[in-house]
Every structure is written in C-alpha cells, then in structure tokens.
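After this come two complexes, each holding chain A, first together with chain B and then together with chain C.
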Partner chain A sequence: MSAGVAQPSHKPLIAPEQMPVLRAEIDRSCAVPCLSWFASSMFWLIVGTLLGLLASLKLHSPELLGDIRWLTFGRVRPAHLNVVAFGWGCPAAFGVLLWLQCRLCRVRMIWPGVMVAACVIWNLGILIGTIALFAGKSLGIEWLEFPTYAAFLLFLGFALVAVWAMMTFAQRNQEHVYVSQWYMFAGLFWFPWLYVTVQLLLILMPVKGVTQAAITWWFGHNALGLWFSPIGLAAGYYLIPKVTGRPIYSYYLSLLGFWTLALFYNWAGIHHLIAGPLPAWLVTVSIVGSMMMLIPVAAVAINHHMTMRGNFKLLRYSPTLRFIVFGAMAYTLTSVQGSFMALRAYNEPTHFTHHTVGHAHLGLYAFFTMTMFGAMYYIVPRLTGREWASSKLMRIHWWGTSIGISLMFLVLTIGGFIQGFEMNQASESLGSAVDKHGLFGGISEWFGGFKARNGAVPFMDIVRGQIPWLVLRSITGVLLFVGHVAFFILMVMNVHAWGKTRLGPTLFTGRDRTYSRLMTDDGEGAEA
Partner chain B sequence: MNTSIRIFAGVFFTFAIAWVGLVLIPHLQLKDLQSQRDEALGTLNPAPYTGIEIDGRSVYIDLGCTYCHSQQVRGGFYNADLERGWGTRRSHPLDYIYDEPQQLGTMRTGPDLANIGARQPSEEWHHLHLYDPQTTSPGSIMPPHRFLYEKRRISGQKADDALPLEGEFAPESGYEVVPTYEAKALVAYLKRLDQTYEIEEGQE
Partner chain C sequence: MTTYYLLVFGVLICFFSSVIYALHWSIRSGQFSDYQKGANSIFDDEEPVGEVTDFFPDMKPNTKEANRS
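Showing the complex of A and B:
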C-alpha cells in the first residue's frame, strides 16, 4: 500500500457500510443482460474454435471436405476470424464492460431490456454475416469480410452499448473515475469511429488502390489495440486489485500507460505493409509508432507486477487471478514482440508467414481471451448467486487453454520463422540441410547458409517443410477445444444451478485461509 | 465533470491526429494516380479490368485466395521476391489503382501472385492446377477447386476446353471435365495479374 503514489482522494457519495448491499444489488441487476452476452459469446467460442480447427486441418490435409464449396479453406478461414473476434471476443467484452461500468459507477443496471436487445441485434449480425461468408458473399477485406447489412447490425448493437455506457456514467454515484473506466470509455469511442470510417472509405465509396490497404490495416490493427486491448486492460486493472485486496501500485503509471497508448497505438497499423507498395514515409511512421508502444506496455507491466507482488501464491487457488495474470503477462509479451516485429529486419522475413499468425493468437487469445475467462470466473457467480460447480472442470479448462495456447504460439513462431527464413535468406531448406548434415549440423548449416543467395529455396520445399508444424498446430487447437468445452459445461451448470451447492468460492485446489479471507469480495483494493 | 471532458478531449484528439496522418494524407497523396500510356504499344499501364476479369476477381474474393496468396512484390533488405522471379520490379501504388477491394494479402502459404499472369501464361496449366493442384504441383497444400468444373458425359466429340486430365485424375471413360464460367473468369483474372510493365516515375 505504501509502495505506490496515493490516488487523489474523493469523498465517497455512498457510505462504506452500504456498499456490500449495493454491490449485491448491482450484481443482481446485471444478471440478465450480462449473462445474455456471456452465453452468446460461449456459443460462438465453440463454433469459432471448431472453424479454426477445420481451417487448420485443411491446411495440411487439403482433401478434407475438399469438394464442399461452402467449406473451402478460403471461406472457413475468414469465418473463423470473424466468429472468434466479433462473435466471441466482442460479446465477452460487452458482458464484462456492462458489469464493470455498473460496479465502478455504483449504479444499478439501467435499461436492461435495451442491453438484451443490443445482444440480440449483435448476434443476429454475427449469424447473418457468418452465413454470408459461407455462401461466398465476403467483401474480401481482411477483418471486414462481413457484408454491409451484417456490419450495420453490429454497428447498431455497438452504438446501443456505447450510449448505455455514457448514460450510466452520467448517473454515477462515485466522483473518482477509475482507470478501467478510461480504457472502456476510449474503446467505446474509438471502435465506432474506426468502423464507420472503414465502412465508408472501403465499402460504400472506396478510395483508390493501396490507400485501401493503408486504411484496412489502420483498422485491422486498431481493432485489436484500441478495442480489445483496452477492455482486457480494464478488466485486469479492476480484478487484480479486487482479488489480491491491494490497490493499484501507481495511479500515475496508469495515467502514463493510458495516454501513451492513445497517442502511439493509433499510428502503428501500417507496419503490416512494410516493403510493400506504399509511400515509405507512411510505413516509417508506423514503425516509429510501434516502437513507442514499448512505453505504455512497460507502464502497464510494471503497474500490474507491482500490484501482484507478494500475492503470487494466490495463483494456486484463484481461477480469476490465474487467468488474468496469464493474460497480463501475455499482453507484455505480445506487445513487446509486436514492437520488434515492426522493425524492417525482423518484419521482412516473418511477414507473410505463420510467425505473424502466432503473434495474432498471442494477442487475441493468450492476452485477451484468457483475461475474459478470468473476468467471467469472477463475474458469473456474482450474477447467478452460485459458485462454479467443479474445480476439476476448471482445471481442465485452465490446462487445456494455457498449455494449448503456449504450444500453439511456439509451434507457429518456430514454424513461421523457418518458413520466412527459407522464403528470404536461406540457401537450402532446413529439411535438406538436416538430411545432409544430421540434426544439429544441419540446423547450423541451414542457419549459417544465408550468405549465398536470397530466395534460393524452391517454394515447394518450403511448403513441405511447413506440414509438420501445421499438424502440430492442429493438435494444439484440439487442446484449446477441450478447454473450451470444459468451460462451456461449467457455464451451463452454473446458469442452470446443476451440481451441488457450494458455500465458499470454488478454487483450483483445496482451501487456504489467507485466500478465503481475501475472497470475500470486499477487498478494498479497487475503487468500487 | 472536468475529468470526463479531459478524457474525451484526449481520446478524440489522439485519434483524430492519427486519422489525418494514416487515412487522409495518404488518400490525398495517392488519389490522383493515373494509368500511363505506352506510346510505342498504344496500351495503358495498368489497363482497366475487363468484364470477365472483374467476374474473376469476384471468384478470387469469394474463395478467399488472398488468405494464402499475396499480390505484391516487395523491395527491402533481402530482395528475395525479385530473386525468386516473382516480379521484374518492386510493386508500385500505381499497379493497384483499379483494385476494389485491394488484394495485397498478408500471407504466403502459397507463392505471390502479383505477376502470375506473366509467370504462368498457360490457360491449361491454370485450369489443371485449380481443378486439383496435385496435377501440376505434387505435394501442394492448396485445396482442390473441383467444384468450379463440371464433369459431364461426352456427347459426340470431346469439348475443346475439356481438361487434359491423365492417370488417377482422369474421369471415367466416356466423361470429360470442363470449366464453368466461374473457372474461366478466375483464370482470366489470374492471367491478367501482371506488373511487368515499366513505370515512369515523376509523372504521377
């Protein structure tokens, strides 16, 4: 507590002794809207995982369902992305956001019916959009494949949530604006602006040629950093202090982290087009923006780490904390990796390869998705008034997803590096080097052989060398799927009140006195 | 209320500045690019797409070719794209002025296609490769696109555009495999992908 700089103090508008009652009322008022968002997000998570798995299998077994046009790789692949990003990611984020906003403003859920309607509209958009993709109606712009009619429904759903959040904020019974609220506010403001801009300039009255590419990646990248990241960070900033019972280490570091993110992230997107047919200044500006992102990332990493310090033992017990801390570490890793991936020397060999796919999964899965899982572990029992039914299923969820995503990241990172190195610098394929010189000799020969001639490895040799990595990736996808099914069952059991009733919180393992003391929900760490 | 106004202003301006930088200025810089006329040959570089080529581009988008194939010859440190023979020069913004939407791509599970029309001018090769990539590129992980072709009973004489499939790929005797309009359009589009013309700098 003494470690950080104190936060500016505000007089509480609600007496502290009334808080437990108010908190319980807020949680109850959030139940229907938040659970609708969570339930739909879980549905799309399962669908999206199956689509990802199918796309992954098709990459190494192209004959699999090869004669079904609806399920050709080029349709399953964008369907996977859209379903997991907009079907799973956004609804999960909305569910967390609604609850956080009510808790932090100390306001009971206003307009619960409108929020359920927003959820229905959004899900209709996802359903229609996904069917359209399978029917071949994709717009052909990465991250924006959904046809305009589906995109409009998504925009409408989003706008309702954004307006709701502003109205809730206006009625708040708490003067202090907590750091999570800045992030949510920014995300709710940035995303619609981004979305409307790209719909206008790419689809309704398209700009010319490569300018579209610049705008596409300005959107594609900002959708991650200016929408998913802020929501993930908002959840982390609220829940780490909540579970550990300690305040955020430094108010000023969180200020620094927020404003530098706002300033630099916006500029980073064009690093997707390094060495491509765009004006050089545009790419260079984005590389600078990407490197500057090290500042907000370091600020958040230090802040989270110092808040956790001394409480790492809680990771043994608390599912919320374990998932969120995993997510926070992945945020640091993916952001630092992302900054360096924007450097030309790193980007040129790894761009266009599975290395980038690995990076994308580190960000959207290991950081964002794991953080959402952690938040749901905390929020859902408070909405339903029931603890999770089984620590065994929780453990399956944890190990399936944490091992699955870690291995997937490794496999894609290494496989993608080999792919890129062979496509650019290597003078022979890794496979043929290993055949000639044995495993270790071959690797060193291969790696040292880049002085000869660039682009010398025949393309089919690169493809053949990728197959084992692609097979491994499918296996890691199965691990993720197992984890998701376990969590899905937990959710269903919780909502339907199946399984035996538990008094205390369900933990990963046993009970610990320190922990149960802290898990009374009234850890005064966060500002709510 | 001060806090919220400050947050709003900050969030607005940080975003607005980047919007001007990454959206507005590139648009203003590139919006007036025009095809260049090759006086000797009397052609336009690049030429606008023809009707069947636009249809072919729609098939390209529908089937998500872009998720495995880029359409850009990069410059840069390693220059491998040129060494590989994927192009005669680095791609230029001018090459894309008729592309709506652009298909620059972000993945090279398969090779770059910016110049596939120049690298592989044979229509027959494209049809065989699309029908089943194993016919032309054994070991390829590209999915087959047999659904773009029609297998039908030969009536009278074999059709001129029937695919010369051999061995395990051949249909049973008495049958032939012919491209649908979609297949023909896609091949017309692929053959059109060609950035080998020279660009005169400083005229744009």
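Showing the complex of A and C:
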C-alpha cells in the first residue's frame, strides 16, 4: 500500500475540542473563492432566466423581437441552455463543491487565489461563448454549442478545480471518505473524460454518419447524470443529515447507490435516439441501462425519505431543508420518469415533444437548481458570518420557484402528451385557416373532444393546439424569474452585511459556548 | 485518425483503471468496514447528532421536539 493511504484506525486525526474552531476557520477560508463562484452564478441565473423567458415567449409569439438577427429563436434558445447549464449550474456546483470538500476533508481552503482565478477564467469562457452564440457562431451540436476557444477556457477552469480537489484530498484530516466525496470526485473525473472524448470525436476529427449522433447523446445525457446529478446528490447527502441532525438512514445503501450509478448511468445516452437509424442492439442496451438506473435511484430515494421520516415538520423552519427535500423528491421523480421515457412504447408519443422539455426542466431545475439553492442557503451565512436579512424574500423565492417549476412541469408534460399523440396521427392537410382555439380553447378541447376525435389531425391544428400550453409555460417562467430576483436581492443584502450577525456554532463568537459545553458534557458525541 | 482513436481508447483505459483503483483502495483502506462510523463522520461535539443547524432567521425550532421520532 502506498505511503499516502490512510490506515483504518480509531484515533481521530483532529481532537474533538478543536473541531468547532477548525470548522469556523474552514468556513471563513472558503469565503472569497466560494462567494465569487456564487456571485457569478447568480448573475448568469438572472441572464439565463431572461433568455429562457424570451425563448418561451417566442414559441407562442414568434414576431417578438423576430427582426433582430441576434435575438432570433435559433440563437436565444441555445444561449439559454448554455447560460443556465454552464453559467449558473456549474459555478453554483463549484462553489458548493469547494466548501463541501474543505469541510469533509477538514482542511482550510488551499490556493484561494487559484480558485478565484479559475472562477474568472470560467466566467470569461461563458461571456465569450454566449456572445459567440448570439453572433451566430454556434457549433450546432446540442450541449456543445460554445465555439472551441470558449470551451477551452471552461476546460481550463474545470481542470484547476479538479486539481485543487485532489490536492485538498491529499491533505485531509479525516480518514473516512464520506459518500458526498465519492460523488464529487466522480463528477470531477467523469466530466473531463466525457469532454475530451467528445471534443476529439466530434470537433477536432469528426466521425462520420450516425456515429456522430450516438456520441452527441452519449455526451449530452452523461453531462447531466455524471456531472450535475453527482454534485446535487453530494449536497443532499451532506445537508439533509446535517440540517436535521440525524445520520443517513442506511450508509450502506448510499454507497451501493453510488457504485451502481457509476456502473449503469453511462450506458443510457443512446435512448435519445430510439427509432433512429442506429443498430437496434445499441439502443436496446441503452434502454436496459436506463431501466437499471432504477436501482441507484431507489437507493437514494429510500435513504432520503427514511432520513427525513419523522422530521418533516422541520421543513417549516429550515429554508435549506425545504429546497433540498424538494430537490430530492424531484430527483426521484425525474429519474423514474426518465427510465420509463426510455421504453419504446412511452417514447413513441413523447419523443420530439414538449414532454421531453418538461423532463429536462424537472431534472436540471426541480432537482439540481433547487438543491443548489438549498445548499447556498446553508453555506452563504457561514461564509459571510451574517444571517439572511429577510424571511419574506426567502418565502417569495421558495414559493415562486417551487410553484413555478411544478406548474411548468405539469404544463409541458400534459401539453407534450397531447402534441405527441396528435403528431402520431397527423394528416397532411393544413387544417382550418381560422384559429378556433383561443387561450384556453385547446385545453378544453383536449378534455372534451381529443379522445373522441380518433381520426387524422391536421398539422396546423396540432401547432395551434399547443399555443395555450406554451402561454402557460411562459407564465410559470415569470414565477421562476420573480423567485430568482428575490434570491438575488437576498444575496446582495447578505454580502453587503445587512443581516444579523450569525451566532451559530460555526463562528468564533460561539467559542465560549463551545468550551463551556465541552467542560460540562461527558464528551459523548459524534464519534459514537 | 488512428491517433485520435488511440487517444480516445487511452482516455477510456485510464478512466476505467482509475475507477477500479478507487474501488480497490476504498475496500483496502476500510471505507466499507464501519458504516455507522461513516454516517456519523459529519457530526461532532459542537454540531452533534440531534441538533438542528438551519432555520429561517425569525424562527428557531425546539430541537428536542423537532427531532422526536
């Protein structure tokens, strides 16, 4: 065994009485790098939401800003995707990852300057890439729209964080590797592997034919499940036990979930190409992989639920818990839905419809984004030493985003089903020239007459029938935007020290309390 | 073209060997030996099991009551 490997021993590497002080120091040392990642992620969240809203409005009002070349749908929509995924999602994930890694390794932030530099490089990449998309320089491959020069900056920023994580791990003062760390390391290693492979095979030396599509979706799907999901789950596995004060229900199950995710997830990407011109066995293997994902998902779902059981009334008190439990439930829902969407029978009506868009938002927003919000509610006060300034704004944020995304999911799911069933029996006739649907006509028509119609549906009627659903989707987008603005204001207030000083256990101000308690307690605590 | 394929397979082999190495290391270093200790490793005397550590600024839950199960 190599020299650096920690041997199992029962002596804690940090004396228990040093822990509170060390934790406070760790939190403080993370402040500048983590807050710079969080601040940039908040900026891009607002930009990305506006772009999403604009793209959504354009779907039912195509004339809106349609004359401006830079703001046509074909540019706004990829800009929305890249800004929210790489501008909001990744920096938020990095901020959470840096803090979690320091806390779990029990090491003060090393190289804070390098992490700020990584943040600057990353954001430069996002800025250049987004401008390039608006200028029409998209590479045209989904999830890889940014031109190579912007993608290179992102890769550099990512590599710095990955190397930092390894160096922090090497200095750890904790012999046990917590399940969150497994997930974070997995994400940090998987993503470069995906990215290098896809850059080589699609951009530097593109492969020919349908293999391109296969590689695109192998990457596109894995970017979600092997990068965003692990970070979201890592945050959940640390914060749910930490907030409720109860260890994970079954630690064994959490590790089983991790290793089965590692085994099955990377098979699943080709289910995006069901009924495509690919070898049938390749698609079938992918469907099997997708169904196998039910194992790690069940492991996570059981664990989160059983850890929370009996503690659900805490949702009233803790903003962190609200967001993270919402995220955990959405993870279960989106994963189970995703597995079934990979079945050919389910896929037949839902493929290429708004149903898939609803699924994507359930995963990346209801699960990942809500989990990141929850984590930020926990982390930021410990970085700045300030409580959140306004409960009212927190509630606006919570209700705006939770209601907004739930409705958006419902609207897109139902609208997508209608679209899919109708498209499968579309006729070639153009349909009636008059728009007889109106805003809610389409919905009432579906409840009333859709099932009875039974015949071929004119294509233009299908298009018009989608308008009310798309309008509703834009309205839910406004709800999300309101929530995001509330959170943005909260962040600004916190960083500008408008909140009360934190008197929690993680600050030096809590020191007296710590020592007085240590002297009176019999010392029985965590290391049971 | 061959170079690229070699690179891709090289990356693939590095990746899978690192996974196998990680699994091997985690078993050897006792990561799977005591699950209860693992689950408790995020708690300590100052933030012990049973203490709620997050709440809205204007409401602090009664820890004992909140944790009754």
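Methods note: the second predicted complex is superposed on the first by the 456 of 528 C-alpha atoms of A that agree within 3 Å, B and C clash if a C-alpha of one lies under 4 Å from a C-alpha of the other, contacts with A are read in each partner's own complex, and residues count from 1 in each chain.
We take it that a contact is a pair of C-beta atoms (placed from the backbone, for glycine too) under 8 Å apart; a residue touches a chain by one contact, two chains touch by 3 or more.
The model shown is predicted, which means the values in this text are computed figures rather than measured ones.
By the document's definition of touching, both partners, chain B and chain C, reach A:F189.
Looking at the shared chain after the overlay, A:Y238 reaches chain C, while chain B stays out of its contact range.
When the two complexes are overlaid on their common chain A, residue A:L104 makes contact with chain C while staying clear of chain B. After overlaying the two complexes on the shared chain, residue contacts for A:I467 are found with chain B alone; chain C is out of touch. When the two structures are aligned on the shared chain, A:I131 is found in touch with neither chain B nor chain C. Contact with both chain B and chain C is seen for A:V177 once the two complexes are overlaid on the shared chain. Legend: residue contacts after superposition of the two complexes on their common chain; A:R246 is shown touching chain C, with no touch to chain B. In the overlay built on the shared chain, the residue A:V492 is in contact with neither chain B nor chain C.
Shared-chain residue A:L201: touches chain B and chain C both. Residues 177, 185, 189-190, 193, 197, 201, 259, 262 of chain A contact both chain B in one complex and chain C in the other. Within the complex formed with chain A, the chain B residues making contact are 3-4, 7-8, 10-12, 14-15, 17-19, 21-23, 26-27, 29-31, 33, 60-68, 70, 72, 74-84, 90-111, 133, 137, 139-147. For chain C in complex with chain A, the touching residues are 1, 4, 7-8, 11-12, 15, 18-19, 22-23, 25-26, 28-33, 35-61, 63, 66-69. Interface residues of chain A facing chain C in the complex, by the touch rule stated above, are 1, 5-8, 16-17, 19-20, 23, 104, 174-179, 185, 189-190, 193, 196-197, 200-201, 204-205, 238, 241-248, 250-252, 255, 259, 262, 309-311, 313-314, 316-321, 377-378, 387-391, 394, 499-500, 504-506, 510, 514, 517-518, 521, 523, 525-528. On the chain A side of its complex with chain B, the touching residues are 58-60, 62-63, 66-69, 72-75, 77-78, 136-142, 169, 177, 182, 185-186, 189-190, 193, 197, 201-202, 206-216, 218, 226, 259, 262-263, 266-267, 269-270, 272-279, 282, 285-286, 344-345, 348-349, 351-353, 356-357, 423-425, 453-456, 459-460, 463-464, 466-467, 470.
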